[in-house]
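The next part holds the structures, each set out as structure tokens.
What follows is a pair of complexes built around chain A, which joins chain B in one and chain C in the other.
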Partner chain A sequence: MAAPDSAPAPAAPERSEPRHWLRLVAIWFVLALVGDLLIWFALYPHLPPGRMTDMAAGQQFDIAVLSITAWPVMSFVLLYFVYALVVWRRRPGDDEDGPPIHGNTRGGVAIQVGWILGTAAIVLWVFAFGTYELIVPAGAGGGEGPNPIWRLSGAITTSWTPGSNDMLQVQVIGQQWWWTYRYPQFGGMESTQLYLPNDTPIEFHVTSLDVIHSFWAYQLGVKADANPNVDNVAYTRPRQLGSFVVRCNELCGIWHGAMFNYGKVVTQAQFLSWANGVRAKEQADGLLAALPPYALTYDPTVIPQLGKTLTVLAGITGANGYYYSGAQAGTPGPPVSP
Partner chain B sequence: MAIEIEREVTPAGAGPAGRPARPWWMRPAFHTGIVGAVAGYFFGHWLGNFLSSGYPQNPLSDTNDIPIVLGYLFATLGWLAGLGVFNDPLLQMAGKKVRDIHEVSALDGAEPGLAKYFRYSFNHKVVGVQYLFGMIAYFLTGGLFAMAIRSELLSPSYHLLSPSNYLMVVGEHGTMMMMMMTSVIVGPFGNYFVPIMIGAKRVAFPRIEALSFWLTPAAYIILLSGILFGGFPFGWTGYAPLSIQADQGADCYFFAFGLMGLSVTLAGFNIIVTVITQRAPGMRWSRLPMFVWGILTVSFLFVLAAPVLIGGCYMTLMDRTFQTAFFENTLGGSSYLWENLFWFFGHPEVYILALPGFAIVSELVPVFCRKPLFGYRVAGAGMIGVTILSFFVWQHHLFDSGINPDMRPVFMLTTELISIPTGFIFLVGMGTFWKAKIRFTIPMLFCLAFYFNFLVGGISGVYLSDVPADVTEHGSFFVMAHFHYTIMGGLIFAFMAGVYYWMPKMTGIRLNQKLGYLHFWTMFIFFNTTFLPLFALGLLGQPRRVFTYARNLETLNDWVSISAFCLGGSILIFLINLVWSLLFERQRETGNLWQSRGLEWQVSSPPPPENFAAVPVVLSGPYEYGVKDAPPVADLNPPAGVISGTYARTGAEA
Partner chain C sequence: MSVAARAVTLLVAFVAVAVGAAFVVIHYIVGTGASTLTTVDYTSAAHNGQVNVVLQEDPQNTVTSKPDWVSYFVMKPGANPADASSWVHTTLFKVPANTRVNVTIYGFDGCTPLRNNYWSQVQGTQGGTVNVQQFLKGRALTAARNVSVINSWAVCSVAHTFAIPSLGVFVPVLSPTIQVFDKYACGTSPCVPSEGAYSIEKFSFMSPKTPGQIRWQCFIPCGGGFIDGNGGPMQTLGYMTGFMQVAA
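Our next item is the complex of A and B:
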């Protein structure tokens, strides 16, 4: 028998296990860093909803920061799974069970505690950041209800003057299936076009005449539900001229999909002349006198100018509103027209 | 720890009260249920017309809501009566003896043939199979509506459907899915396997369990019948006052949803009591399979959240029929009340949809990694944490609706906190993968897809929980992508994992592998190509439930629609696999083909009628893979005296 070779035995079980966690952390670090840099420099300037207003720019920033927080988490989990599926897949012919790791050793407990603390830290960071970004930009463009807590600074005056820091108040009225806008500082004139002055704090008062709608002015970064008999206040401050789209964001019936129109942010001088022009025209037409007086909410069943109160809430009750007709009690028949 | 009652033993094969068994068409079953339903509907409709003759009729449908609601009510009662649900209770109320329910349950399970699946059966395995095929049917129906939605959204200017038909389709799809898929895992796999996994021979309340199933076809048919009335225009969320303004189709939605709420409440109640009281000796809480933990926590959500829904649906039906004004702002009510009631149910509802996915994945991954479940306690804590926290987050659906503004940071916090226990499921999965020996079987592939999909869905939830970012994202396709990733990508993929994993156990037949792999890859790829772009569409400004959108989004919408059609095709492959494997190929597989330590795999495939010949004694946990000299999971033939010694009454289980 020849003497045993002096070369080491092939495929020795003493070959050291690769340091998986080190590999993972190293790859993850590079992946996370590169991803975050790409997000910040390449993606952030193009993120929705753009920078047309302070609110929109704030939301764009928020989405970017959330992405920078989320990408390391996502990339870690994805990387881990891909690594595991490649490195720890079952080799053909190996029907053995794996090592009995329950996670109750010191190392296992440390990992669990570390995970819990780490995820808790990330969550608390996101919460703190989100709360700050909600409060400081005056509600971040979301509807705050009739008693907003976080307001934009701006003087509320009965007539708006350009160049001052007056708040421009715009009432947004949603109804099935169109948006109209009333400007209380211009005599309560009502327009189907939403024109806004640049560089001005805007206070939207969103309400509805029938069912729940939602006023979503995408580029303005504003979303506020329109509830009947409720005044929902939202703020924004445009910084760029241009058009923006307004869409209804709460399913309100069959033409919900068609309930959109376009608005414009114009210079303060242009806005003033437009608003005064509309007001004058409506005054001359007699429309201004026919409109109900400006109020924060409206009840469409009561129209004093028409000299009567509707008793049929057509379309508001079941069976398409055919229940409330007092004239027909006891007699089924065609509905009373208002 | 089992509930013991005195047993009345009657001769085998006898019918109720000792009479010989009657032919199948004379025994109460599906067909008598239909007769009862039709008769009940006509009676209820007549009664409604009789009561409300003074009310005007809607000229479009020539009826008003009261006959319709009463018609559905009596149709449901007739359906249940025809099935024989009331037979035993009425007999007992009359003082007559009824057969021992557990004996009937065992006989039900032993009966050969398919007829037992069409009856009001007390055997939990029969109910599980009934649920399985019912849920698949409901899922496919909802999926067909989805195909119609995506067809309409191919073009912003060319419309296949009228606006009201489009909303009908949208509402039917959403409601069919959210309503029926509540029980998609708990119904089939929870009812079938939880008793076996805890070593029990039966459930605590077989009648209630069977009733919970038989309410689902009624809910399904009533929801579908909305089509005959032109559907309902408010999606699955039912916001008032649109829900009160709507035509008769709305009654179908509220009634069906209320029925389904009742069904899940009953199912949850049965499961909770079963798990608490029917565990075999040795089945400590620390040995409970993670699947059972998941189903147990979901059952608590069922029992606590669904009644709120039932209440809300009832109130809306009152608004619609008897002119109360709960949700009518102009009449003194509040539209916010419905929003809060609905979402108080609605948020636990989505965790009802997520948790069973966690349960299945945590159960299957140890089997296919050949390793114990990492961090068993943390996994359980995750399930419980999600369950408890899910009741504290509902107003995140209402951030922009005009609620009290300082509520929003509170709910932002709770919503973000809930991502911590959700993350535990990933911790546990990842820990189980560490140094494992991963087997890429079809169930495992679906579990892996679950982790990927739920990661995307869960992280997008953090974006939505951030109130400022939510101002742009709320109500847009971003939300749509988020919940499809978590619900379809999570729950439905886990459901498929469960189907492929447990079909051999339930039927003794293994599903075809080639078709299975094809099904998985097409479903996973097309699911992601369909729903990933929706994040972009939402951020680019497309709201939900619209039939038209900005023209520059058409290409992306077309990509999504075509992917959706391919996704539908992959589900078709699944259906073909089911039919081919179960009816034609019938590849028998009666052993423990996954080499699982689960207690359900230690009995035959399909299991014996009473699950176990004798109550087993559980000796160790189900995840002890790789543990040297681990005791077997259970002793299926415990020595005489072991079982009786654990009970106060001797000889009870002899």
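Our next item is the complex of A and C:
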């Protein structure tokens, strides 16, 4: 059918295209600013792991700063997504292709340069901030291996004095499926309870007697692998009194999930009283003498008091009383006299 | 291939995978004995705020498909320990809440040094001690005495431990003397006192005030045939670890 013979309709006046980038940047700026203020003032004080120690407070600060860094990026991506859906969506009857995008135009180059500079700046900032935050608080609560690069300031002494800057050394020993703690500055006494004095530099020496465990004192901001025959050092400095949870964070067998207990940060005087009390009881009971000499790691096949290496039968160390290797293999121990 | 044939193929494949997965799960549960373990109920045997729980640990068990695995047994409430039928191969037992639990352990297994000698110390019991005595075929070899430490490194004197870590109960279990154990070790489970060398260890602790299920375990890696003795009976309910159920 022929087209009706009529005069062509007058062209519709061309609508001026709104300045999308200006709109986007304006909305994004408000979103980013409001979000970051909310993160800093509302969320930051409640972020894990709290502020029980310097390490924990440092981790809380790091999470807040990284969130503030991430939110503007995330909000821009989301904003652009929503803006595109609303403004550039396909209208009914609109079957046209979108306009081509040319990367070599003036605007395209600006976008590319801006993108490269922006992402580079963010990555460099995160790298610099992360490195600084790892070094300055002496490893940020993570296990640093047997020879820590970043040490916490504190005097290494053979005894510990309240009110001083003496480093309290605490050995953490993992065994399927419980933690014990040794205090070398208190005669090497050992306990299932983890007590720490407030406002004191703490040096954890984390090890294991069997499989791989992981010492995770969540509120202290400390996490360090407990490996057999390895001394893994981690630092912290308590700033608040109260209880904290210790968990194993490495799948270690049937009771891995039950391998947790509670520790306490107490005043320095309370700690001294507790530590001396445990030491005295263990001395009176004869347990202190029965423990192996304090060492950074332990070999369960050696009984230091006897200077003997144990034989292993069918995977069991010194099974059925057959204690010694070498010439004495197969020789049972002496009669029982507990 | 027609749509019907494809649908049938997919359906058959799905059923095969589902059945296979179910078989693996059921086989695992049955294989570990978790679904077949009996819980020995001591709640009705409680009297005057106390309940008596009797256990034994054996160098082997001849009542399961793992005869070379060391194992605990639980005695039926009020039964005669001299009668083999009194003992149940399980590590699950139930006690009332807020009750003094008087535990007696018959130790039929030989000694093994503790991996951490800290567990030589008795912890969490009433008075901080255990009462121990050694026997041979019902005849006392040593006098009963209360001890707070059984040093397994000075002499080979600890067979296993009984520990409820969440209650702070850690008890080394005395072994029979090595000399008599070598000659008179019990060879058929459950062991009875008339058969061989053993120790008897007694201690008490308070059950929690609130109901729940509390795990207990041995701290001597006694899984023969496994790396460092850590596998097998150490990690399997019904052998060297179990639950104490606390009833309201």
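Everything below uses one rule, namely that the second predicted complex is superposed on the first by the 290 of 338 C-alpha atoms of A that agree within 3 Å, B and C clash if a C-alpha of one lies under 4 Å from a C-alpha of the other, contacts with A are read in each partner's own complex, and residues count from 1 in each chain.
FYI, contacts are C-beta pairs under 8 Å (C-beta built on N, C-alpha and C of every residue); 3 or more make two chains touch, one makes a residue touch a chain.
Just so it is clear, the model here is predicted, and its values are computed rather than measured.
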item	value
Touching partner for A:D210 - first (chain B), second (chain C), both, neither	both
Touching partner for A:R89 - first (chain B), second (chain C), both, neither	first
Chain B versus chain C as contact partner of A:D285, first or second or both or neither	second
Partner chain in contact with A:L296 - chain B first, chain C second, else both or neither	neither
Greater residue coverage of chain A in the superposed arrangement, chain B or chain C	B
Which superposed partner A:W178 touches (first chain B, second chain C, both, neither)	second
Touched partner set for A:E190, first chain B, second chain C, both or neither	second
Partner chain(s) touched by A:G221 [first = chain B, second = chain C, both, neither]	first
First (chain B), second (chain C), both or neither touched by A:I254	both
Residues of chain A that lie at the interface with chain B and also at the interface with chain C	210-211, 253-255, 258, 300, 313, 315-321, 323, 332-335
Of all residues in chain B, those that touch chain A in their complex	53-60, 64-65, 162-164, 166-167, 233-235, 237, 239-242, 244-245, 247-248, 250, 319-321, 323, 328-330, 335-336, 369-376, 378, 399-406, 408-409, 412-413, 416-417, 419-420, 423-424, 426-427, 430-431, 433-440, 448, 451-452, 455-456, 459, 462-463, 465-472, 474-476, 539-541, 543-548, 550, 623-628
Chain B partner contacts - residues on chain A that touch it in the complex	20, 47-49, 55-56, 58-59, 62-63, 66, 70, 73-74, 77-78, 80-81, 84-85, 88-91, 94, 96-103, 108, 111-112, 115-116, 119-120, 123, 126-127, 129-131, 133-135, 137, 139-150, 206, 210-212, 214, 216, 218, 221-225, 227-230, 232, 234, 245, 247-258, 299-301, 313, 315-325, 328-335
Chain A residues within the chain C interface of the complex	173, 175-178, 180, 190, 192, 209-211, 253-255, 258, 261, 282, 285-287, 290-292, 298, 300, 303, 305-306, 310, 313-321, 323, 332-338
Residues of chain C defined as touching chain A within the complex	59, 110-113, 115-118, 120-121, 123, 132, 134, 142, 147-151, 153-157, 163, 165-166, 168, 170, 174-179, 181-182, 215, 217, 219, 221-230, 234-236, 241
